[in-house]
Amino acid sequence: MGIEFIYPEFEVVRDRDRCIACRVCERQCSNEVHSYSPVRGVMISDESKCVNCQRCVSLCPTRALKIVKSNCRLRENANWQDETVKEIYKQANSGGVLLSSMGNPKPLPVYWDKILINASQVTNPPIDPLREPMETKVFLGKKPSAVRRDSEGKLDFSISPQIELAMPVMFSAMSYGSISYNAHASLARAATELGILYNTGEGGLHEDFYKYGSNTIVQVASGRFGVHEDYLEAGAAIEIKMGQGAKPGIGGHLPGTKIVGDVSRTRMIPEGSDAISPAPHHDIYSIEDLRQLVYSLKEATEYKKPVIVKVAAVHNIAAIASGIARSGADIIAIDGFRGGPGAAPPRLRDNVGIPIELALASVDQRLRDEGIRNNVSLVAGGSIRSASDVIKAVALGADACYIATAALLALGCHLCRTCQSGKCNWGIATQRPDLVKRLNPDIGSERLINLMSAWRHEIMEIMGGMGINSIEALRGNRLMLRGVGLNEKELGILGISHAGE
Amino acid sequence: MKRVYVNEEWCLGCRLCEYNCAFANSGLGDMVLALKDRKIFPRIHVEGNDSITFAVSCRHCTDPICQKSCIAGAISKADGVVRIDRSKCVGCLTCVLVCPYGALSPGEDGIMQKCELCLENACGAPACVTGCPNKAIVYEERSDPE
Amino acid sequence: MKHYVIIGNGTAAVGCIEGIRSVSADGGITVISAENHPVYSRPLISYYLEGKTDLEKMRYRGEGFYEINGCRVIYGRKAVSVNTSGRTVILDDGSSVPYDSLCVAAGSRPFVPPFPGLETVGKKFGFMTMDDALELEKALSEDARVLIVGAGLIGLKCAEGICGRVGSITVCDLADRVLSSILDADCAAIVQDHLEKNGISFLLGDSVDKFCESKAYMKSGKQIDFDVLVLAVGVRANTELVKEAGGKVNRGIIINCRAETDLEDIYAAGDCTEGYDASTGTNRVLAILPNAYMQGYTAGVNMAGGCSVHDRAIPMNSIGFFGLHMMTAGSYEGEMTEEKIPAGIKRLFIKDGILKGFILVGACERAGIYTSLIRDRTPLDTIDLELTKKVATNLIFSQESRRKKFGGIV
């Protein structure tokens, strides 16, 4: 209190006329905001603990609750804004690095929203996806650049290992440990049903999910948690994680309190020990080193699985991607700075890295310029929010997109950005059994399937409008895009014309 | 025949089923009016401790011992549904004494009431099922225990 | 086609009819009813006097029950004998009813000790039948002093039923506690206290030496003036029909778990029988309504050629007085555990790793779980015993057995 006091960010507004004191809010809040006062015979709340996850709001049977932003504000100051000052207070109180999760909330430019899509009129008729076949299937992996023949002149059909996706979207890496068993189960089941892939993240693969292996990307990150031969064999592809969009250049830290039971076994580390992923891979200091790891993994899996290298979108991403494309990797995944981490220092999250749109466009252009675009497929991630974002990403050169935040939203996430607390009321970013069970994979997988089916439908509609009947034909087709409100430089990097041109 | 089943793996112990049940059988159209400032007498009850919770309501047994034991002849079974004629019940609780599932409890007036699958009220489908936020309670056809 | 005859028209008879019809729609059923009423719920007569039910609602089965089930009911006639060689039942008007298969569900009658001077008492009543209740009702008045002889279930339910309609009620019993057949001393004391708070007076450990008009002279020397006398001392099973036909009887007609007597094609069910008590493993009279129905049902199924075994009967009672409920079941042998709760008391009796019986006063929630532990002879080492002692909940079972219990059709 006193100098350390910070007025709660949210207020719990309870309509006393509606509240029936059923105490569902109390039972459902892991932050212990709500309680019943037997003396007063009413529900009361301690909003200082509220993270605005909306669980109580969603389950209140009489709609008696809402959470609003507190209007107890400091004096207005455009430079010293309320949030900035309160962060200073927090750090003066604690002496610690600030921590948050789930993506950059700052009003930095979202280029997707400044890019518009073309449609056919008169001279090139649109296609009705309800009447005409429409292909959303894509293959990720190294493609031959020329027709090849053997010594007898017969066509050589051999091709590097590929990933087949029913639509150009995958669920990106979220580790078991950072998210719950049931969240993984939901993702795995939905990916299998949808004919796409999900990604284990760096926490290993729970033995229960090996059966979904053909729809699984297994990740190898700097901590090498849970990596062993069967694990590598289990997946359809292997991803080397070099960096993450929300926190480029730093590692990860899953606190020992989350390393319990199956998480500990799956990660192959003792219970209660902190899982610290180093910032670098300690054996990778060059493209040559990366190449060694790529080929080690290929060797281990008999060259049957494509290897993905995931990097954060940073300033010289095009040059980095060029190096990766020469390392033997089959796929490059680029993660933009709006990506959502399970936990990241907001100073990094909000200030380090570059938007995926610019990174993707420059990488695609650079690889084309160097004639090595077919060496790799490109996967774009870091806040893909809708089917139109997917379309725009593909037109900017992506072979497919990674989504994670959108998938978590489908699972119930309300973006309260407090994953790091481990008390996720929606059963996603938690290992507490009473909270984990709140996410029933029957519901979770169904909702993911719903979301992806809806996107696929929209993708086909937009493609049809453009007169394109195969998503492959859209890739890198920047003529289908126009910018609005963008300057020459931005348009140049994106490789698109301004609207009206 | 469809019955209400509870899968304790997914039960959150939120007790919404109890409130939805009490509301559904209140005959009122407004939950606030029906339940505010009242002790509720639902026909489904959540049991459990800190780690396990599950809801229990009438199993609509093939051979209902409550029906055979009712001293007032108030409990009957037709079309697979075990029903109670509350006008005949005198609240002796013999059905509570014999139900091996502990599924029965009296209403506010001391007269027995029981789950009748929301067939007698305006819900159309069991309110505990439609209101369960985690699909822990389902209304479906099953054969023998899995 | 078989012809079925049922002597009696109570709960066991209904069980028998429904048992027969669960197997076969063929064959006529003749029901011999001494009472001039279609079947009604006998235990409800006290509720009737209390105003909690009425004669119409007391009907145990709905309108048309006999017609639907193909029954002919002979009202107001008693069976006086069974001719086993001729396979007929002789009625008190001399007529005879032939049977192929017979069920004796003749019930019980009040036991009235030979009190000297009883004949001088004007308003004296039994409390077994609807007619008893209707007669008693006529004698009730706001200032009537009622003496009830017998502090058992019948006497006390009668006391509760008429409490609001008379001036005073005194209950006397030879036993030193109320409900001596189902409660131990401590629990009886709680119940007695509750009844006294509701205006019932007791004279326990004492019995009537003689009556003289409206005065009872007690063995202790006390004298009680009364206007209305209710005799609820006890009941005796109606065993004579079977005994005289050569069947084996003890305190009740001896039957096996198929409800068969040792006479060919003669079954028996209900309060007149002595059947297997699963809680003790012995035969005894279990004069309770659920048992009557289930024995009757078993008899009916077997009479119609089906196969039914009723081997899980146990004594059990659920009864309440003035809002205080109590439940008892099984036998009170072995080690006793006790849990005191604000509302009352909970006592379980455990022997050989099995729950044998219980007494619950004021804490009856989910008591059927306890009852099923007795009936199923569930080994207590397979459940959470400590929790069981405290509360009846399905949490006492393992997750796996709960899955089996709740996962499918039962």
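Labels for the chains are A, B and C, by order of writing; each one numbers its residues from 1.
The rule is simple: contacts are C-beta pairs under 8 Å (C-beta built on N, C-alpha and C of every residue); 3 or more make two chains touch, one makes a residue touch a chain.
Values in this document were obtained by computation on a predicted structure and should not be read as measured data.
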| item | value |
| --- | --- |
| Pair sharing more residue contacts (C-beta pairs) when B-C is set against A-B | B-C |
| Chain with minimal offset from the mean of all protein Cα atoms | B |
| Distance from the mean Cα position of subunit C to that of subunit A, given in whole angstrom | 70 |
| Computed distance of Cα centres, subunit C from subunit B, in Å | 28 |
| Whole-Å gap between the CA centroids of subunit A and subunit B | 43 |
| Where subunit A touches two or more other chains, by residue | none |
| Subunit B residues within the subunit A interface of the complex | 9-16, 19-20, 23, 31-32, 35-37, 50-51, 131, 133-136 |
| Subunit B-facing residues of subunit C, complex | 14-15, 41, 43-44, 47, 52-53, 57-61, 289-290, 293-294, 297, 316-320, 323, 325, 327, 329, 364-369, 371-372, 375-376, 392-395, 399, 402-410 |
| Touch list for subunit A against partner subunit B, complex | 17-24, 27-28, 41, 58-59, 61-62, 433-434, 437-438, 440, 442-443 |
| Subunit C contact footprint on subunit B (complex, rising order) | 3, 5-6, 8, 47-49, 52, 54, 56, 59, 61-62, 65, 68-69, 71-73, 87-88, 90-102, 104-105, 110, 142-146 |
